[in-house]
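Below, chain A partners chain B and then partners chain C, in two separate complexes.
Entry: the complex of A and B
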């Protein structure tokens, strides 16, 4: 197990290096003057230009610049935002809990509905429930989520008035210090009446929207994994022993069917962390996805560079964790190849 | 199970008509046939958009802005699906939008398939350093989430229709490369390949004529599903303002245009999204059917 862990860790090093290289090249490819692109100032005097060029190390040879950049990242220096003049890492860390909270809620929504739905569909294979569910799953899988979000806002918020339209907190009624950055926890800590319920209400629609595609994927996957497992000999043995179908499905089959499903859930958390871009934009959710899009609009290239580096790093770490966990559950993986 | 039997039977009769065998298996799946019909309809609309569309998609009728579709009150029979904020005919825009979305989807699929096949076959044939480099680069592309990578690429090369295609192609390339490489490696160890080598077939001919046709089934399925993914991804970029630029009638960008109007004129927002949903769904249905018909082993989704 330890060797497997070391091997997987070692494999991420070249990925990180290449990621640094790509983000390093990226900011260099931005058309126009590099000093202007990075400082966001126009019409700089030649002397000031030379001064800034030296200050940013752009007069150094390229390999030295890359070494400086990589060294900075290793020490936690991801650059400084042009607009807010604060370190990119700080900005990222303030916004990240919002994205994480949304991602976790979306994944909970998707798993808690998707897994049981898939199990039922497999148990009643070919029946009306199975067919309906697979139809719904196909719709979810094909859904342009930005449109889905707008439709939900239109129906749930504007017509029925059930949920708020955007944001995380109703700032007119509530204000609390971000202690953990998670609205659900902070609202409880604040002790204000109704604050927690307010945070929940704000989370409902974004979680549904972000969780729709994973829900469809999980339901389809659980169903097919379940169908496969139900054909196994040990399931027949369990049935022959006289166990009820409910017990066979719920205990014997489900446990084995869940292994691939859990892996796919884990891998999707990584994608969702970043895929939250669209959902956050629609709901004005103050997370890293919305920040990234706004950075493009503001031509804040250092923020973009650092932000992409950080998001990709998060995804790589999550995927690594899933891999390790999978190796823990399934010995065939860690001993194979 | 029933369709397995059909495939087996049809398989025995395959030599006289491989297509007929395929069609027998494909047409058994009702959903797939519906999907195919819708896809055909969308393709026809896209091809004949200039003939079918009542107006130019970017022409603005100043006197008739924000008209509702025909079923709602206050509609104008001249504009069946109503008009948008600046008085452009929705029906015409949606028809031309089919052109753009399908064009993006197909271009991405074709380019990434051609490049993917070339890189996958090269990796499988040469092995060694070339294989390692190709696979590492693909792993790296896959490590960055698709939309973020697309955004990164667009941020550098600027938003436009062509750049959307470039960005989405790069994002989806690894799937094809890995698929081709894996199937080619599996085929390379088989006896018929050895036989071909012994017979003196050169490497290029061996890979393209002998090996590639046997890797096609999963590739075709991936290609079909790749079109729908590309359409969704491109629409998402369009919605974020990073794809096709106004006044291009791209469905995602049309949605973004109408966000301010959403509350007062919901249909302007509802229609483009519905078009994306239906098109993508039809392609996915068709893709699932293709997968079941071409390769029963791939049936688990």
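Entry: the complex of A and C
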């Protein structure tokens, strides 16, 4: 197991390095620079422009900038935001809990609905339930997040008045300082009556929006894995023993069918973080996605580069965890067979 | 417990007490667009950042709410010497700074030291705060303050500030009403420097404004509470900025009464907003101009008659309808009609493609090929430059001019246009200080050698025009200045360096429960006089 972990860890190093290089180059290929971006129609003299670029170190050759940046990262220094003048790591750590909370809730929503839905569809293969569910899953998968978010706001918030439009808390009724950065925990810590329920209500729509695509993927994946497992000899044996269908599916089939589903859930983390960029913008959710979007507009290279690297690190860690989990569940993987 | 956590606990306790004590506190939520860069207007360039700091601060003078005129603020009066080079400000006495923010308790009222400190930070490289938080003071430089200021010093007493200028400059007072000229507390700066945390100066603001800073959570919320200062107590107790970047979400929040005032509505939502029973869709002519420059340094655009013919060939009525969707008015002068010295007598260029064709022929222009540059961004003065370019392209094709459409990334676009690479192209301007000089000199002015200034996109220089605007900037008699600016506008109308397209209308939807709110011609948002019904 330890060798397996080491091998997996060793593989993440070139991935991380390649990613650092690609993002560094890509960001600089985008036309414009941080000085130009903040000037608008006012303009700037070429001398002042050069002076400001020099102050930011952006007049250095790109290879030197990269070497400096890579050196900083190795020492845990992700640079300082050009706009806010605060260390990128601090900004990230302030905003990341909001993204993490939203991602976890979205994944819970997707898994808790997606897995049972996939199981039911497999159990009633070809029936109307199966057909409908797969149709809905395909629709969910193809739905543009932005559109879906706005439709839910218009229906659930404006028309039915069931949920708040956006944000994490009712700004007039509640005020508490973030302690952990997780609204659900902070609202409980605040001791203010009704704050927790208010935080839950604010999480409903963004979780649904962000969880819709993974929900569709998980439902489809569970269905196909279940169908495969249901054909296996041991399932036939279990049924021949006279076990109830519920027991056959719940005890024998589902456990084995979940192996590929867990992998797909791990892979969905990347999709979720990408989706969070849009979801956070629609729902005014103060997470890293919204921060990255603003950093692109402002050409805040350190924030953008650091943010991408840190998110990538999270995805790599989650994938590593999934690999390990998968290895634990399925020893064939662990032994490289 | 770290000092930061202590501060949080203290803030939390105070907020809970405040919540308990003031169950009936009046709160107003403003749906803003984004997060501020920081809370020091001297270092910022965006409206979002200026709006975030404005409740906290004051300047020596200020713009009258909803207007472009200048009125006293921290300075109760000022006098200008006969030669126009010395301005003496008399500060109000007893002006208090906010107390209790970031552990700071002021020991004295505002005085001349604070004013001198605030200006010298932007001006003198040796100032202890000059390099704190990056130290780029764009607006101070843009308004030519380093060239204009000769000295700033205390007058006879603690409440007198004397500024001497290198030359007379009429717009100088209006410049001081701009956000960059905010007055800070020198004592708070020293307190933070002694604590070893000078960068907090730009993150946790202390000022003299009607609202005291409470808390900022990046990308989420900014909170202020009412402060009874020199301007009196505001009518609301809590002012909350809910940072909401998406315009559709802002509108949804306004409808759900999650906010009561919102910035920048989506043009497509305006019609629906106008029909909402609970929403008051306020509007005002914007202090802006959208234009199409014709590069006077590139033939045949160097000939005024060619420029006029092109202007005649373009159907601006259709552009107003299609691009501005009626939310604008056709422009006939380079300055907006809400600005003093606007020349009502200007006869606008008529749309007459037939006559344009004849004029082009008479000027010897045949089979002209040109480019039309369109901005890749949406601006209040030009909501859709690409569509506008397509319409102009179709209009010019009718008079035999073949055009190609060109665009670049926004920063690159502006840079290349300033370098004069274009033949024809769109740009615009939103006023900073309500003075005609801020339009005419900035956008059409040239230097002493007759070379166009950086923002002079038509690259047009005219000696008579230059003489008029230079003289107007140096005298203080407004009637005399008006005459000179009218003369300048007549020269522009005759020479057509650019095609005036439109002054757009600014819309701001507010809940009907809100009273006393005024739209600022500068696009800023102020809540000092605003009330909200329970």
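Everything below uses one rule, namely that the second predicted complex is superposed on the first by the 290 of 337 C-alpha atoms of A that agree within 3 Å, B and C clash if a C-alpha of one lies under 4 Å from a C-alpha of the other, contacts with A are read in each partner's own complex, and residues count from 1 in each chain.
Following the convention adopted for this analysis, contacts are C-beta pairs under 8 Å (C-beta built on N, C-alpha and C of every residue); 3 or more make two chains touch, one makes a residue touch a chain.
Because the structure is a prediction, the values reported are computed rather than measured.
Student: So, does A:164 touch the first partner chain B, the second partner chain C, both, or neither?
Tutor: second
Student: Per the contact definition in the header, classify A:36: touching chain B only (first), chain C only (second), both, or neither.
Tutor: Touch status of A:36: second partner only.
Student: Taking the superposition as given, does A:177 touch the first partner, chain B, the second, chain C, both, or neither?
Tutor: In the superposed model, A:177 contacts chain C only, not chain B.
Student: Per the contact definition in the header, classify A:281: touching chain B only (first), chain C only (second), both, or neither.
Tutor: After superposition on chain A, A:281 lies in contact with both partners, chain B and chain C.
Student: In the superposed arrangement, which partner chain does A:83 touch: chain B (first), chain C (second), both, or neither?
Tutor: After superposing on A, A:83 lies in contact with chain C but is clear of chain B.
Student: Touching A:154, do we find chain B (first), chain C (second), both, or neither?
Tutor: both
Student: Chain A residues touched by both chain B and chain C?
Tutor: Chain A residues touching both partners: 30-31, 150, 153-154, 158, 281, 293.
Student: Which residues, counting only chain A, touch chain C once they are in their complex?
Tutor: Within the complex, chain A touches chain C at residues 30-33, 36-45, 48, 52, 55, 83-85, 91, 94-95, 150, 153-154, 157-158, 161, 164-168, 170-172, 175-179, 190, 192, 281-284, 286-287, 290-291, 293-294.
Student: Spell out the residues on chain A that touch chain B in their complex, using ranges where they run on.
Tutor: Counting only chain A, the residues touching chain B are 14-15, 18-19, 22, 26, 29-31, 138-139, 141-148, 150-151, 153-154, 158, 220-221, 224-225, 228, 270-271, 273-275, 277-278, 281, 292-293, 296-297, 301, 304, 308, 311-312, 315-316, 319.
Student: Would you pull the chain B residues touching chain A in the complex into a rising list?
Tutor: 31, 136-137, 139-140, 143-148, 151-152, 154-158, 228, 232, 235-236, 239-242, 252, 255, 259, 262-263, 266, 269-270, 272-274, 276-277, 280-281, 284-285, 288, 299-301
Student: Please give the residue numbers of chain C that touch chain A in the complex, ascending.
Tutor: 8, 11-12, 15-16, 19, 27, 29, 34-35, 37-38, 45-46, 133-134, 136, 138, 141-142, 199, 202, 215, 217-221, 223, 238, 240, 242-246, 248-249, 252-253, 255-256, 258, 379, 408-412, 414-415, 418, 427-429, 454-455
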